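Across the two complexes that follow, chain A remains constant while its partner is chain B and subsequently chain C.
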Partner chain A sequence: MAQRVVKLYLAFVLVFLYLPIVVMIAMAFNRSALYEMPFTFDLVWFKALSTNERLLQASWNSVWIACINTVIATALGTLAAYAFARYEFRAKRLLQLLLFPPITIPWLIIGTSMLIFFFWTGIGRGLHAILLGHVALSLPYVIVVVGARFANFGPELEEAAASLGATPWQAFWRVTIPVLAPGITAAALFAFAVSFDQFVISYFLAPPGTSTLPVEIYTSIRKGFTPEINAISSIIILFSMGLMLIVARNYKFGGDN
Partner chain B sequence: MSRVDILHVSKRYGSFAALDNVTITFNDGEFFGLLGPSGSGKTTLLRSVAGFIVPDEGSISFDGEQVENVPVHRRAIGMVFQSYALFPHLTIADNVGFGLDVRSTPREDIRKRVTEMLGLVRLSGLEGRYPKQLSGGQQQRVALARALITRPKVLLLDEPLGALDRRLRQEMQVELKEIQRETGVTAIFVTHDQEEALTLSDRIAIIDQGKLIQVDAPQTVYERPANIFAANFLGDANVFRGTPVKDGLKLADGTMIETLKAATGAAIVRPEKLRVASGRKKAAGNSLAGEITQAIYSGASVTYRIRTKAMGDVPLLAFIQNQTGEVLDTGTLVTVSWDKDQTIPVAP
Partner chain C sequence: MTRQARTVFALTAPAYLWLAVTVLLPLATMLYFSFLTASPLGGKEVQFTLKHYTDFFTKQIYWYNAWRSVELGLYVTALCLIIGYPAALGLAKYIKGRWREAIFLLIILPFWSNALVRTFSWTMVLREPFNILFSYPAIVVGLVHAYLPYAILTCYISLQAIDDSLIEAGRSLGATPAQAFRRITLPLSMPGIMAAIFLIFVPVIGSFMEPRILGGKDAIMLGPIIEGQFITAFNWPLGAALSFTMLGMVLLILLAASPFLKHQMARS
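Up next is the complex of A and B:
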């Protein structure tokens, strides 16, 4: 009995999470622009999407910024986590504590302060500013996620490598990085997601005429919603869910691998 | 396969002296045990030889060549860690071959040597497994094979058997000793387990508070401890304190104890050297009258705690071989006796 209740509850949660997404994907394939029933299968919105230059350009911007952000933030963050785990230095504790506020400060406020700061320093607005903002935002996530991996990974493995004749460089690439790999992968996903989802900061830092996908979607909705948005969203959902499934299959998050 | 010389080495952490002017030589091919309580500096000494710690003062040399400024990876050491520190992402073969791989040894040679080493530690056939698929004893042997494959000048072992259960530990002790003899490598190991130190070592160093207390063969350290600390740390000891007189010690209550040679204020007797007889009898050599306060039967032997007037609050400890199957009850009045030759004067 209790088990049935638990199962029912779980089913309810999943339905609550996925139903809106399912509806959206379904509507991407519905011919009517006004969500009229009955459902008529049609690829008209995907065809429309393929000619919507603004939306495609924004998508490319988003993908590129997310990819570059992932590479930069993951590399920098992993090195920072390594420093936190392996070295003693002044104000280390304070620096570690300072990692958390940016995660909790509302993005609206961070976005505003970045806009002011970039304006004041002459960095200005544009894709480069958006990238800079995204890297700054995703760094704490990467450091925390990779740092968690270090928690059950003492210096013994690197010492063992050194005792066997490995140079510090060899020990880092052959032992530290592979052992951290699951953490680094998870952190990279976080960095990608933080950037790809990011609306507020991109909105503030995008100059007129340039935008990222979330910003473009927002603009389109204000002008009047078209199912083209459903079409691009469906593509993104399938892409990111596929990515997550591949990663989840290959790495056990949280577990020791 | 080298001789390691430690000369006047000191290491301080703030005001705490982890190593205090330590001078010691580890001979070529020797199996050497560093024994001491936690915080005594034994691990600091081992890690200084490895190169993980750079001493503040003094020199460390391998075969006469100073190495204090040589980084770990160029010292040609092998090390077995307490946690084994096997690389979790590599197979057993890749773990064992790691030391050769980082030296760009040809693949075929690595494979041959790995097979050879796994044979030595009796793990042939496990090449493709991962460390976490192995038992503790097997992991220990992989760690040993990995450390020995590069033919290190010196093999360092940090509490090598500490993580194993008792039975396995005894088995591994025998095996470790055999492998060391077979390879002829100079081996230094750290332990706080006295039985391990006695079983494995050719020589033992007793370390306390960063200082060497005694360096000798296990038998010498046990039978002729240098001071009370050494006597208590390696095995159990009955300690007599008193004023030195001719041929012995005069205890606080006036009892005379004859010692092996002139004492300076303290002497020890090992518990198994004592004889216990019920009743009041005059015995040859040293003897004390007392009352049994505790008797613990453990099969092969019986452990008695005996209160005596001469020792006051500290009971005498006696290990008696169980030859008759009888156990004296607590409260029995007894005579404890032992030979003068077994009464070893020690530094207080």
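Up next is the complex of A and C:
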């Protein structure tokens, strides 16, 4: 009895979570531009998408920024996580505390402060500024995820490598990195998702005429959107969820390892 | 510097230099701007002033809409917990094995997908027959949808960690199921509830995209007003002051709540 009530309730929650996503994807295949019924299957909006230069350019920007962000954030974050896991030093707690501002302060405030600072110092707005911001948001996630992998991997293996004559550098590349690989992969996918889905920061740092996909979508929605936005949005959401499914396979979320 | 200090420095400096340039220095600069009469760009003469901060308390448009943001944060946080806690409880204590894993994954999957796109998708659902698009309830629905997975995730993690034998012990000593829940399960899951409150309340107060897309005329609150100072009005010092007021507000609320929350934690 209790089991059945629980299942029914969870089903209700899942319907709430997925209803709008399903409706949006359905509307991407509906011929009517005004979401009119009856539903008529048509690929017209996906075809329109393939000729929309602005959206294609923005998608391209998003993918590139996400890729570069992933490389930089994963590399820098893994190094920092290594320092936290293998060394004791006085500033450690302070440095770990400093990871909180980028994830806990509302993005609106982080984004606008970046806008002010970048303008003031001459860094300016643009794709480079957006990349600077995305890496900052990704770093705390990378450090935490890679750090979690370090939690069940003591220094013994590296010490063994050292006693067999490996230099610290060799031990790092031949022992540490391979053992950490699942954590690093998960962190890299997180970093990619953080950047690819980031809207608020990019919105404040994008100059007129240059944008990433979420910024372009927001602009279209505000201007009075077209169903092409449904088409691209459906692609994005399926892509993001697919990406997270891969992360979930690599890295248990629930903490029950 | 010792050898170890050099190594630690080399390992952490790149990441933290990056964070300093993109987060810490910008926040410091914004604080500086918030006390200026105008943006000090292009060699403009500027003076120090507290005007933007006093404006917040004397002009109704600011404090009233700040209150509206806080109110929205309270509604959304409460609804997320009311809907999310039972779901987490059911998942942690009544569903087992593969079903649990599958449902858990389905719940957290949307949480990492694009927030903007998910907000946009509600504009299609809230038309007919609900007809609440471009209204305050629409903003609440969109935000609850966005943050519900946080609530379920954090509550689930702390509920799952509770040893079932504690609840059984309480029951065998004569507690009714309701008593066992109130005296054992609920206090022990407090850390999860607290994490949810923190993770939902803060970003909801700072939201501007969801109100803009779903709220229509009801979108006017602190987040969108701050956005406007930077995107359309170009009054950066005022926007900066409003941002820091918002940050201060959030800290004050969390601090004011902390004795109560500590008490709850201490009981558990």
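One rule holds in what follows: the second predicted complex is superposed on the first by the 244 of 257 C-alpha atoms of A that agree within 3 Å, B and C clash if a C-alpha of one lies under 4 Å from a C-alpha of the other, contacts with A are read in each partner's own complex, and residues count from 1 in each chain.
Basically, contacts are C-beta pairs under 8 Å (C-beta built on N, C-alpha and C of every residue); 3 or more make two chains touch, one makes a residue touch a chain.
The structure displayed is predicted, hence computed values, not measured ones.
Colleague: Contact-wise, after the overlay, does A:Leu164 reach chain B, chain C, both or neither (first, second, both, neither)?
Modeller: first
Colleague: Who does A:Leu43 touch here: chain B (first), chain C (second), both, or neither?
Modeller: After superposing on A, A:Leu43 lies clear of both chain B and chain C.
Colleague: With the two complexes superposed on chain A, say which partner A:Ile246 touches: chain B (first), chain C (second), both, or neither.
Modeller: After superposition on chain A, A:Ile246 lies in contact with neither partner.
Colleague: Examine A:Ile217 and indicate which partner it touches, taking first as chain B and second as chain C; both and neither are also allowed.
Modeller: A:Ile217 sits against chain C, while chain B stays out of touch.
Colleague: Looking at A:Val15 after the superposition, I want to know if it touches chain B, chain C, both of them or none. Which is it: first, second, both, neither?
Modeller: Touch partners of A:Val15: none, neither chain B nor chain C.
Colleague: On the A-aligned overlay, A:Val175 touches which partner chain: chain B = first, chain C = second, or both, or neither?
Modeller: first
Colleague: Which chain, chain B or chain C, ends up touching more residues of chain A in the combined arrangement?
Modeller: C
Colleague: Could you tell me if A:Ile237 is touching chain B, chain C, both of them or neither one (first, second, both, neither)?
Modeller: Only chain C; A:Ile237 stays clear of chain B.
Colleague: Share the list of chain A residues that count as touching for chain B in one structure and for chain C in the other.
Modeller: Residues 256, which sit in both footprints.
Colleague: Which residues, counting only chain B, touch chain A once they are in their complex?
Modeller: 50-52, 71-74, 76-79, 81, 83, 85-89, 98-99, 102-103, 132, 146-147, 150, 156
Colleague: Inside the complex, what are the residues of chain A that reach chain C?
Modeller: 2-3, 6-7, 9-10, 13-14, 16-21, 23-24, 27, 35, 76-77, 79-80, 82-83, 87, 89, 95, 98-99, 101-102, 104-110, 112-120, 132-133, 135-136, 139, 143, 193, 196-197, 199-200, 203-204, 214, 217-218, 221-222, 225, 229-230, 233, 236-237, 240-241, 243-245, 247-248, 253-256
Colleague: Mind listing the chain C positions that touch chain A in their complex?
Modeller: Chain C residues touching chain A: 4-5, 7-8, 11-12, 14-16, 18-19, 21-27, 29-30, 33, 39-41, 83-84, 86-87, 90-91, 94-95, 103-110, 112-118, 120-125, 127, 145, 148-149, 152-153, 156-157, 160, 198, 202-203, 205-209, 212-213, 223, 226-227, 230-231, 236, 239-240, 243, 246-247, 250.
Colleague: Where on chain A does chain B make contact in their complex?
Modeller: Within the complex, chain A contacts chain B at residues 154, 156-157, 159-168, 170-171, 174-175, 178-179, 181, 256.
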